[in-house]
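Across the two complexes that follow, subunit A remains constant while its partner is subunit B and subsequently subunit C.
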Partner chain A sequence: MGVSWLLAWRNLWRHRRRTWLTVGAMVFCNILLIFLVSLQLGSYQMMIDGSLAAFTGHIQIQQRDYLDEQHMYQSVPGAVELAARVRTALGVESVAARAEAFALASSAERSFGVLLTGVQPAYEPLVSTFPGKLREGRYLRDGNAQEIVIGAVLAQNLKVGPGDELTFLGSGRDGSFAAGVATVVGILDTGLPDVDRSMAQLPLGWFRQVFAMGDEGHSVVIRVPALDEVGGALSELRAMLLARKELAVLDWDTLMPGLRQAITSDMAGAWFQYGVLVILVAFSVLNTQLMSVLERTREFGVMMALGMSPLRLAQLVGMETLLLAVLGLALGLLGGSLLTWYLSYAGFTYPGVEEMMQRFMLGGRLYPQISATSLLSGPLAVFAGALLAALYPALRLFRLEPVAAMRTA
Partner chain B sequence: MAFPVAAISTLAWRNLWRNHRRTLIMLLAITVGVWAMIFMASLMRGMTDQMVRNGLQTLPGEVQIHQRDYLRDPSVVNSMDAPGGALLARLQEAPVAAWAGRVRVPAVIASERGNRGVTLLGIDPVAEAALGSLPDELVAGRALDGPGDRGLVIGANLARRLETAVGKRVVIMSQDTQNNVAERGARVVGIYRARLQGSEDRYVYAGRAAVQDLLGIGERISEIAVTGHDYRNVAPWVPRIAAAAGTGLEVLPWTELDTFLGSMLVVQDGFALVFMVVVFLALSFGLVNTLVMAVFERVREIGLMQALGMRPGMILGQIMLESLYLLLLGLALGNLLALVTVKPLESGIDISSVAQGMEMVGMGTTLYPVLHTADMLMSTTVVIVLGLLASLAPAWRASRLDPVAALNKT
Partner chain C sequence: MTDISCRNLCKTFHQGDATIRALDDVSLDIEEGSFVCLSGPSGSGKTTLLNALGGLDTPDSGEITVGGQRLDLLSKSELAQLRLNRIGFVFQAYNLVPVLSARENVEFIMQVQGVRARERRSLAAAVLAEVGLEDMEERRPAQLSGGQQQRVAVARAIASKPALVLADEPTANLDSRSAAQLMDLFVTLNTERGVTFVISTHDPRVMGYAGRLISMRDGRIVADERQQPHAMAV
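The block that comes next holds the complex of A and B.
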């Protein structure tokens, strides 16, 4: 077998330029694929982390129908106590109870509809990044104080700042008239216009008094340390709440169905692009290998006349292709991982990307993420494509007539 | 000596087919590459186009006119007079295709089962229809019948959240010019479905005069939306509108009203070009390879031609022509294939399985690929220009061969 490999290797370098061009096509494609797949997987991870860390969390416990209908009366009894139980059960601190209501907020000069969220000041910063986006003043402290923090655009629209008073009108859980006066203590600037325009947070204790909520809340938000711990936490919580049929334990996929779908649709487009690249490289290999077989028709004829079987010749072509593909794989892997490794630390950006990233609560720089999948999936596809492409030239050899072949010019 | 164009081109054409298998494979590769370029571009155009259209439908209009402070402080206080004089004249001539004056104020809508913060739009249904800003589909009840209509048309999603229906009464609350809460009971007369669920939750339509009456602002309005039905070509006429509007009003094109949409368009346009260049680069290895081999096989022949007096320029031209023929054939086939595959898809591809994901980036549930002549031209330009550039090296080498050495090559 050793001689065959040597023969294949030498055959490969009979046309150095052609071989290098073919290897070059593979290397180019491999580097590009490694970079793109790493970038893609990296940005999905960032999209998921960024979006969930903002407000939604990984898991929420809600009343069964609240997610779909969002009626005030679809609430979770004893939400604060439930949050405390979840904290001990899961062994994580980042669990917070919330309640929500729509209301008309009025300052001395202006009135706007807002989404009020009653939060636990001690725990809310652990499940959401919004409290950290403080631009002015301070975040809520006391669970029962008549205080409120609002979004930056809302503050601007209402023409209020820290220290000003805000009146809000809405209806309570029982449908009764609900009204309160709160002092603005902080302004939050999340960078998301829709959120900054309507967000207002106040302490849960006081929220429940105003909106006649008793000890009820609308959700218990849970943030686990890493995305892959969601499954375990989910089953644990579902087992714990088995007896309470009116409650539902929802994971981030259910809470934010758009997120996974955005990723799915983006992937579909990406696979098309990768597929095209792999096919084009396969054509390049097909061309090279077919040429190399055709120009050796006489040589192959002689070899067959000397007793070599078509199978051995096809094997030889296969080995040549394999060497070619391995060369492309190795060099591509080297180049691709170096480039991507560098960019995964340095990051990069291009015009317009910042606005798009903001939709998913991300900064303006992109960081590809290297993993076994991102390194190997592209190059292996190219490798497979190259081997498949050599099938046709190799199969042609079985139709070769030694005598006719030796007569070709 | 005159350049024998006819002879050279015949030679190039025949040379191309001396090794027909190789040429066919390369032709196939170019065809697939060109097809992919155009197909991808048409999908992306379709996406961007729809994102922009959806964006412009909710914005609405390609250009909006507001009182100077309205965008910073969208309150009823910052309203403006209905257009008159020079501005009215400008709005009634080309290229303005349609315009509508509307009242747009934040409001709270309440049923007996719940309340929501919404944007209340006081509109003239006829003008809005011309603008193309009305919801696509009415699922129950009727549309507004004029500016004086005292009913409300609300989104299906909002109706569900409020547990209300056509014929039921709701209360609408907003701030009037004295900062008092103006409130009025109104009957829901229609329920609409929008392409984006977010819009259904946010926009409540009412007759313009009825809203003006509620807010006590007389004939004043919040914004004028203007369209020329060509969103890529707005810049030329914005200054003319701005001049007619005068200094008290702010006239802005959509790219500034919604910077996300604007940057989206730039990013996508740029990406289409990047994709084309990348596909071409993957192709170019094969193309150069083909030419290198074609020259290699013909070294003796080229030496002979040189010995017989053919100028290097002609040999260069001959090989470049060979490459050009290959590229042109591939382009023709690729474009044809793109035409055949994209045209049937232009009626729409159903992507409702990922609808909510698409909504995050402002898309609806159907993707309509668009075949733009500009994209076909762009891919053609990329392939021809870069293709000829890539062919230069092998062609140059062929033209510089030493005739004696070439003739002696076995």
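The block that comes next holds the complex of A and C.
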């Protein structure tokens, strides 16, 4: 180690308490940032997973204009066969074809508007968590049976339960009158009152007969094993369907723009708060280094007299700050990663979190998610802030006159 | 051969409403390898002249040439380079870096000069041995007496192999024995290495070591005498 580094290191410890306080502020800030960013990213991941797993899936193949216009005739030909091809191409089972129609559902006593979804009973539970939210009865089994599962609020409104019959009326794909009588086999309780008020699912085969769909459907829903595999799957599907110009391969971001907007807006607020935190720590470093430079004015004057240029002195202050920042970074990284790593397994909760998380179909515990971004973004910002904070004290040295400096007490 | 030359130096300080002429038309030539004492009472301009000769302070008017280089034509960093490679400073208050050991204080300057680590270490040990501190290399300034600290300061000043040493009242804080030892060291360095010494002092015993005694008063040179040097009586 050169004498300059030795000098820089020892200079740090001239005021042990002051140095530890500054390092402590950096360590605390780093731990907090690692934890908060990990929690934030973990929550986003949980929100995305929870929301997408509920119904939308990660990717959907639709007729090009269906997302915006939602007309019955904007359908995907050979949807079931296409779903099978996608399963083979991606090597995942969680691919299901669907068809949708708005209808009026009636029981003996009442009528309500519903969103009927024709699903593949064998594959729908692999792409959606709704089939697992059964409160009563069972889920659909046979692809052509005249059965229906409905949301809990709708069941309550229609005053029907498993075993009761329900009539629905709507328009077929060709504009014809579509009607059917189905037996309620299950009641779904998703925990989302809006969904439970209008949701009704029936087998896709029977749906297509009733709504004159032929072999068509409205979407092929794909759920990949992890969110970071969406990009790859998307490219593969787009390449596969290059010739079918009438179809669009849409990712979750396009299908649920509100989710991305909610995340982006939350992220902007959080980054602002983190920025304030980093600035506060930078000011703490600035204060320490400025004090350190001011109280050594005489010493710096002597060094200049001995032949050190202002640049060399500024480098010395820079080295001191670098050591201070490295210390804060190393201890902060260690503390922050240990704490976050533990909580990423054990999870944690606080009052009110369960209600909030239910909105995104999540459990009651929060799990921070450690990643390179969450580990390094905060501490590196603090590190950079600390180095920037040393600029002012270092630049002051360029104005120092050796004789005047040596006269200071 | 002339090592230092100054012509018509003037320097004025303002203290409140008062104007103090620290240097008043000072002209002077100092030959290479000479041992010069600047004497005079406090406020006579000794330190100001010394600072000007070392490029630490700029005169209001006049010219200074050190080793053939006009100081007024040099930038701040060129002046620093000149001091680093050509001039050694010894101060009244030693001014060692308190967190570095004696060896590290000496090595530090050599590192700034760009001397390699291994060479630095052996050179620092040799210089400290030369000033009689071979067993105290690892002591920090606070663990050394005033005389020892001043020896470290001298070691630091000569470690860069300067042609000129400027010493501002170097014995002012030392007892008689330490002062005599320090002056003996200066004489040895002057005679054996040919280093030019310019020392400011108002101690008559120190003046006795000089081959040339320049007396100052009110910023002017009032006497400039060559003399036969003699050692201090302890």
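Definition applied: the second predicted complex is superposed on the first by the 408 of 409 C-alpha atoms of A that agree within 3 Å, B and C clash if a C-alpha of one lies under 4 Å from a C-alpha of the other, contacts with A are read in each partner's own complex, and residues count from 1 in each chain.
Just so we're on the same page, a contact is a pair of C-beta atoms (placed from the backbone, for glycine too) under 8 Å apart; a residue touches a chain by one contact, two chains touch by 3 or more.
This structure is a prediction, so every number in the text was calculated from the model and none was measured.
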Give one of first, second, both or neither to describe whether A:N11 is in contact with subunit B, with subunit C, with both, or with none.
-> second
Which of subunit B and subunit C A:T349 touches, first, second, both or neither | neither
Looking at subunit A, does subunit B or subunit C touch a larger number of its residues?
-> B
So, does A:S235 touch the first partner subunit B, the second partner subunit C, both, or neither?
-> neither
Regarding the shared-chain residue A:N144, is it in contact with subunit B (first), subunit C (second), both, or neither?
-> neither
Contacts of A:T373 with subunit B and subunit C, given as first, second, both or neither = neither
Once the structures are superposed on A, label A:Q70 by its partner contacts, choosing first (subunit B), second (subunit C), both or neither.
-> first
Figure out whether A:P402 sits in contact with subunit B (first) or subunit C (second), or with both, or with neither.
-> second
Which positions of subunit A sit in both the subunit B and the subunit C interface?
-> none
Subunit A-facing residues of subunit B, complex = 19, 21-22, 25-26, 28-29, 32-33, 36, 40, 43, 72-75, 106-108, 110, 112-118, 160-161, 163, 173-175, 179, 181, 259-260, 263-264, 266-267, 270, 275, 278-279, 281-283, 285-286, 288-290, 292-293, 296, 351, 353-361
Considering the complex alone, what residue numbers of subunit A touch subunit C?
-> 2-4, 6-7, 10-11, 13-14, 298-299, 302-312, 401-403, 406
Sort out for me which residues of subunit C touch subunit A in the complex.
-> 51, 54, 56-57, 76-77, 80-85, 87, 89, 91, 95, 97, 99-100, 104, 107-109, 111-113, 117, 120, 156-157, 160
Given the complex with subunit B, which residues does subunit A contribute to the contact?
-> 15, 17-18, 21-22, 24-25, 28-29, 32, 69-72, 102-104, 106, 108-115, 156-157, 159, 169-171, 175, 198, 257-265, 269, 272-273, 276-277, 279-281, 283-284, 286-288, 290-291, 294, 350-353, 355-356, 358-359
